[in-house]
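Alright, structures below, take your time with them.
Across the two complexes that follow, chain A remains constant while its partner is chain B and subsequently chain C.
Presenting the complex of A and B:
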């Protein structure tokens, strides 16, 4: 067999490839040669082959078949082999336990090798990819090497120790004795890695931190080293653009930050040196700024003197004006960190920060935006908002969503007047309407409703906005809603604050009908428009025209709209006496939560509170990590985590809920402000329908799929019944019914499920977490399974409950789903 | 901690990849692609920091990069690293790669330097193993190991010499024999063909 080609030749050959396919072909050919060479156990060229494999691996071709060859190379006596073998191990080896087991022994031998470079390679590999078992087995060797006088090994051993501690934190104490003399070392490499090791220990354990502060007197030692560094003259070894070992200085400053944090004595001990570093560091080069930046962060984090803090903030202010974008970026980042503690100090740089909004660089822009929002307060809100709205106008699409919600939050918190607030939100909706979050529509509607004196003004503004542009959906929705509510104010033209506009009823209806037919309108917007028209039937005199429009949509192809229209039609025909009362103006809404999605509880006197208030299920204690536990159920990575949504259970629908239905702000699948704010829009058919659609659709869809028993053990029986979600046949809706035939209640009942990766699973909240005894009732819970590939359904379930005071946990696999449920 | 060091060229072709946290092979390639996508659309006159890679680490994760002639040097780090410090480190690394490759093959690089800007890229391509060995002495397990240039150069040199003493034909008779046996090997091309300029390659590593 001829000798395999050299790595360099392979590279050269691959570089001649003109197309991807040609390259692939070359690689495949070479891989075949390498495989056969491996099969022949060719020892001479193994290193060459592995080196070639590493090159292919870099290009993204599979190279796992070289894993064992790496191990063979490591076991070889030759340094060349070991060197490439260890490199291959670091690059190619995956997390398989058996491979690691094989390696442990080799590494152990090499850690005790007579050549320091072999020992170094072993340390490096262990420190890069050692598994927790490996770390446990080899920690003793690492600790021994940490105490040697050989600085080449010592520095590597220190970093290896960091890796060991990360993998197996309980081994930390083992390295404690060896840390004693680390800082008296002269070699900078060892000093650097020792500081890294000490940092890791202090960060991980408060006990260690206290020990190093009190017993080891770490702070004075570090201060001494730092002093030597800044005082010492030029040393060619460690000099980087005129500064002595900036990397070590940065590391020490970081460790000082951890040691000084909320500790008066330590902070006191480092005040002087920090001031010295802050004033003496040469800042014409990046390295100097790196140190200065680190110093500033340390000063801000520890309990430093006030004078020092002023100095630090001023350094950041100087950074903000720096020409180098990187420096500006880190200045913004650190100001953002300090804005909570030193709000006023940061406030002084406001104008500079606002200027950064105009920077061309997106990273800087983003930081400046975040910082600007953090700086907004009651005093500067008008000015800041002007800048931010201007930014919103001109910024890239990727910023608009964040910026818009930032403006909403700030406006809500600090609005100087209601009018200003409404103006601001409307401005956002007109400029960045399609980027705002879904909940901003109900939020604005609520805001408008609650500012009674502004109704006429608002509806006029919105009507004008609607005449200009009907493409911004959220704006159109709010406008439709307001016109529906306050149409009478609009046509009467009573507005004190602005030049009243003269519109007729017909013009208003024209606009709304225009929305119904416009291509730009989403189904949700159409729903808003139709409802608005309906409401106007009690506010306008042209009832006949409205009747006509409503009846036309009785045959709309959009089911949602159709249903709405049919209901309104019924209202005209059968319940006309109730209509004025039903379509009365909305009462003022109470606000229950600020910031984020707002939950609005409606206090409509005509509806029963129990129906309106969404009933939350009993608190199911479900920490997120439990979902991770469940991942283990299906054995590792072919499982998607269970998404446990806490959805308020929808109150049972009953016919008499017509009132409630009409009271709803949004009558379609859009963001419903009431009664169930957290129900996602993807589930429209469940919620909007107080009347009849749910039972109806259950009847149809459930037909044909037989129920099944998924679990029956120890008195707990779980039955599954199936439905197909209506619009999307890929979603199977499974309702579980848990019943309990024992004589005691099962409490804390939690049902969890996991499905293979090709499925997606959504678990809604259970009806209760107590399964009553003697089959006196069932707990139901809805699972929605998305099965786009129509594969056979498989599920692992995990059940936990408490029966007579003892916790029970069981796992089961469900494979016998009826084919109709997934086909 | 440094999660990964990625070097790729202006077309996204990887030139060196080193992950310090385990990722499956396809995930690694995905990360490279995503990183290239994020970095390559940025102008040269903007800052060298970038947030928003979704594949490693989430919000705690930052890309710090330098664009250097035809190459992007990207360090993926978490918040425990100093941004400006890493920028310096990238510069140090670049310097090493260049210097070590030059020292070995002065002629090779000197000529290239006159013809091309992309000297560094070719260095990386043809010295993949060596570049890894240098990196190994600078960064270990995602942490900075040594920044003293002389020390690093000296240590790598000693190891290269050890390798050479084992790998040369004279030191390994087994190889010499097999080399003679395989005289009918296709002639090893002595020229690299890049565009229409040919460059002599004076020395070849044992691989």
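Presenting the complex of A and C:
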């Protein structure tokens, strides 16, 4: 059997291969040769074969059949064998294979070998890949070597101990005695590895940390060593660009950080040396900056005095202006860590940070963006937002989503005005519209709904944006929703904030229909568009066109669209009387923590005081339970609003007509004035089938407040029963009971109520809108009255119903409330 | 600690791999692939640091070789650059004007030098001279008929 080829030969041969296939062939041939050589138990060439195997392993080929051979090499007496054997073990074996445990005995023997280099090999292997079992078995040997005077072995034993502690933390105690005089060594290798060992122990165990602080007086020792390093003259073996042993310096600084954290005494003891390092270190080369960086981190983490902290932040500020990209990156990262605790200090460097947004380097841009968002506050929001929006325009796609979310968050927290907020959102939607996160669409819709006075402006801007570009789905979705809601404002040209544009109903419908047919629109967007068109049927006059569009989509392939179209169609045909009520303007949405359906309560008229809302179609009837299925379609984003009454702020507005109703209440009486035609009345119940059928509170008079009859005329009797609502004693809960003593049912029964300005009223949904004849049943409805000023409760009620085919309407005052109901 | 140290060429061929945490072969291959894809396409003037998963990757190009190290969050990146540089200096001292071919044909020596400089992901020896001296002495221990300097031992 000829001698196996030499390692270098093999490498040379393999490198001549021109294709992957050729290389694979060569390797397979050689592997076969090596395998047969292993089988022959050839001692002489085993080393050579394993070395070749390791080379092939590096190229990516399997080499597991060499694992046992490595163990044989380790057991050999020859140093060459051991060297390759241990290398092979580190490369081919790992703790997952049971084979590695066979090494334990060999390592144990080698740890006690007469030659220090063999001991070194054993320590190195144990310290790099020793498993927990091996560590447990051999920890004693390592501990022994930690106490030797041979510095070559001592430093290796120290790092081996670190590995043992990482693998088996319980063994930490065992190494404690050996650490006693580690730091009195002169040898830098031992010093460095000792500091690493002490760091590991202090990080893992608070007890150790306390022990080292108090008993061992570690801090003064470290300070002394550091001082020597800085003050000492030139030492050729440790010098790096004029700095003596920067590796050791950095490690000491890191240990000082751990020792000084949350400990006043330790922090005080190191203040001077930190100041010295911070001011004296040469910053022209990377080495010096590495030390400064570590110093800054230490200063920020310990309980340093404020002067030192300012010094640290200033160093970071100088880093930001450094030409070296790495240093700028590191500065931004550190500032991000400190921005929470030293916000004002970091703010001073804001302009430099914002400039980093324009850097070419991707890593720097990302850090700068994160830091910029952390620095935004109420004072600098306008300026910062300008920069951030500019960044959003020009940055890579990987940043756009995060940047857009950040902008929305910042805008929500610090927006100086509603108009600014809407403008900012518009800007984000138009420049990065397709990168915006999905949940921002409902959030934006909610924001727009709540900015009541900006509706006209918003819808106009969104419309203009749509004309330019319909490819960005979130933008299109928000825009179609707004046009559906506020299309009437768009067409009537009522914008206050900017020049109103001239748009006809047909043009708007053209745009929306365009969205429906466009290839760019996703199914979700199409759903938005269809619903928007439907809503416009109550706001525009071109109803026929809308009917046509809706009926076309009744046969759409998209199931969602088809369902919507079919139901909208039904709304046109059978339920046309409900259409206006269903498609009414959305009320102000309360921001809920969860997005699930919340309870809806009806409101009485005092909601929309703004002049803009003039086109309220009066909902004459109240939908029955059947309509609840249809109602699920409204509000395309499944956010169900909680309607609350608001105090009427402008008595001279649309709400004023309502108050005219009450205007005479302060006088003694007299005939009630003609009711205003556009009294906003109770809105239909929105969802939750069960809600309308059950009164929410106990019918029976509770809390001892006697019931009363509020109205009794023409066979219709309305009784009030009372209850105090917990927990707010200012709220009176009144349940009305309407009964009908005539021979015919009263259908389409609607009860409405109004209270004076100092009160607030909420009207919940009635149990039904048919009052059965001959007192066979009652219609109940709950009213909640908030009376914070405890004034005398008065109410004006309006009743409408149809009796025997003719519509009846009546107004009445209710003044006979029992005193307990409002006191 | 340093989690791993990789050396690879501009074409992505691996020249040295040192792992300081236990990983399966598959995981190692994945990391190597990710590193080459992360580092090789970066423009020449970009910063030497990249965030990857929960590690900080520090890399530096020396001639045709990329030196790439994966650090934990609390490690000092600027110092890691110095560590990479120190390793290159040690190789240079040992091989005399080291180039990629030296590392290809003497990969085992590159490993031995690394093992005298780093251990368990931490720096073992901060003195350049000490590492060089150790290597010299250990090489003399290699029992071969041929002189270890002029002819290869295996």
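The rule we apply is simple: the second predicted complex is superposed on the first by the 589 of 823 C-alpha atoms of A that agree within 3 Å, B and C clash if a C-alpha of one lies under 4 Å from a C-alpha of the other, contacts with A are read in each partner's own complex, and residues count from 1 in each chain.
Following the convention adopted for this analysis, a residue touches a chain if its C-beta (ideal position, glycine included) is under 8 Å from a C-beta of that chain, and two chains touch if they have at least 3 such contacts.
Since we're looking at a predicted model, the values are computed, not measured.
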- Could you tell me whether chain B and chain C fit or clash when both sit on chain A in the superposition? clash
- Task: Quick one: classify A:213 as touching chain B (first), chain C (second), both or neither.
- Result: neither
- Query: Between chain B (first) and chain C (second), which does A:156 come into contact with in this model arrangement: first, second, both, or neither?
  - Reply: both
- Report for A:48: first if it touches chain B alone, second if chain C alone, otherwise both or neither. both
- Query: After superposition on the shared chain, which partner residues are touched by A:100: those of chain B (first), chain C (second), both, or neither?
  - Reply: neither
- Query: Looking at the overlay, does A:796 come into contact with chain B only (first), chain C only (second), both, or neither?
  - Reply: neither
- Message: Quick check for you: in the superposed arrangement, does A:539 touch first (chain B), second (chain C), both or neither?
- Response: neither
- Task: Check the residue A:294 against both partner chains and state whether it touches chain B (first), chain C (second), both, or neither.
- Result: both
- Item | chain B and chain C contact sites that coincide on chain A, given as residue numbers | 6-8, 11, 15, 47-48, 51, 54-55, 58-60, 78-80, 83-84, 87, 91, 94-95, 117, 123-124, 127-129, 152, 155-156, 159-160, 162-163, 188-189, 192-193, 196, 236-238, 240, 245-248, 250, 254, 286-287, 289-290, 293-294, 325-330, 360-364, 366
- Mind pulling up the chain A residues that touch chain B in the complex? 2-3, 6-9, 11-12, 15-16, 44, 47-48, 51-52, 54-55, 57-60, 62-64, 78-80, 83-84, 87, 91, 94-95, 117, 123-124, 127-129, 152, 155-156, 159-160, 162-163, 188-189, 192-193, 196, 236-238, 240, 245-248, 250, 254, 286-287, 289-290, 293-294, 325-330, 333, 360-364, 366
- Query: Of all residues in chain C, which touch chain A in the complex?
  - Reply: 14-17, 20, 22-24, 29, 45-51, 74, 76-79, 81-83, 86, 104-105, 107-108, 111-112, 115, 119-120, 122-130, 134, 137-138, 141-144, 152-154
- Provide the residue numbers of chain A that touch chain C in the complex, in ascending order. 6-8, 11, 15, 47-48, 51, 54-55, 58-60, 78-80, 83-84, 87, 91, 94-96, 115, 117, 123-124, 127-129, 131, 152, 155-156, 159-160, 162-163, 166, 188-189, 192-193, 196, 236-238, 240, 245-248, 250-251, 254, 286-287, 289-290, 293-294, 325-330, 360-364, 366
- Item | Touching residues on chain B, where the partner in the complex is chain A | 13-18, 20, 22, 24-25, 28-29, 32, 42-43, 45-51, 80, 82-85, 87-89, 92, 125-126, 128-129, 132-133, 136, 140-148, 150-151, 155, 158-159, 162-163, 166-167, 172, 174-175, 178-179, 182, 184-185, 188-189, 192-193, 201, 204-207
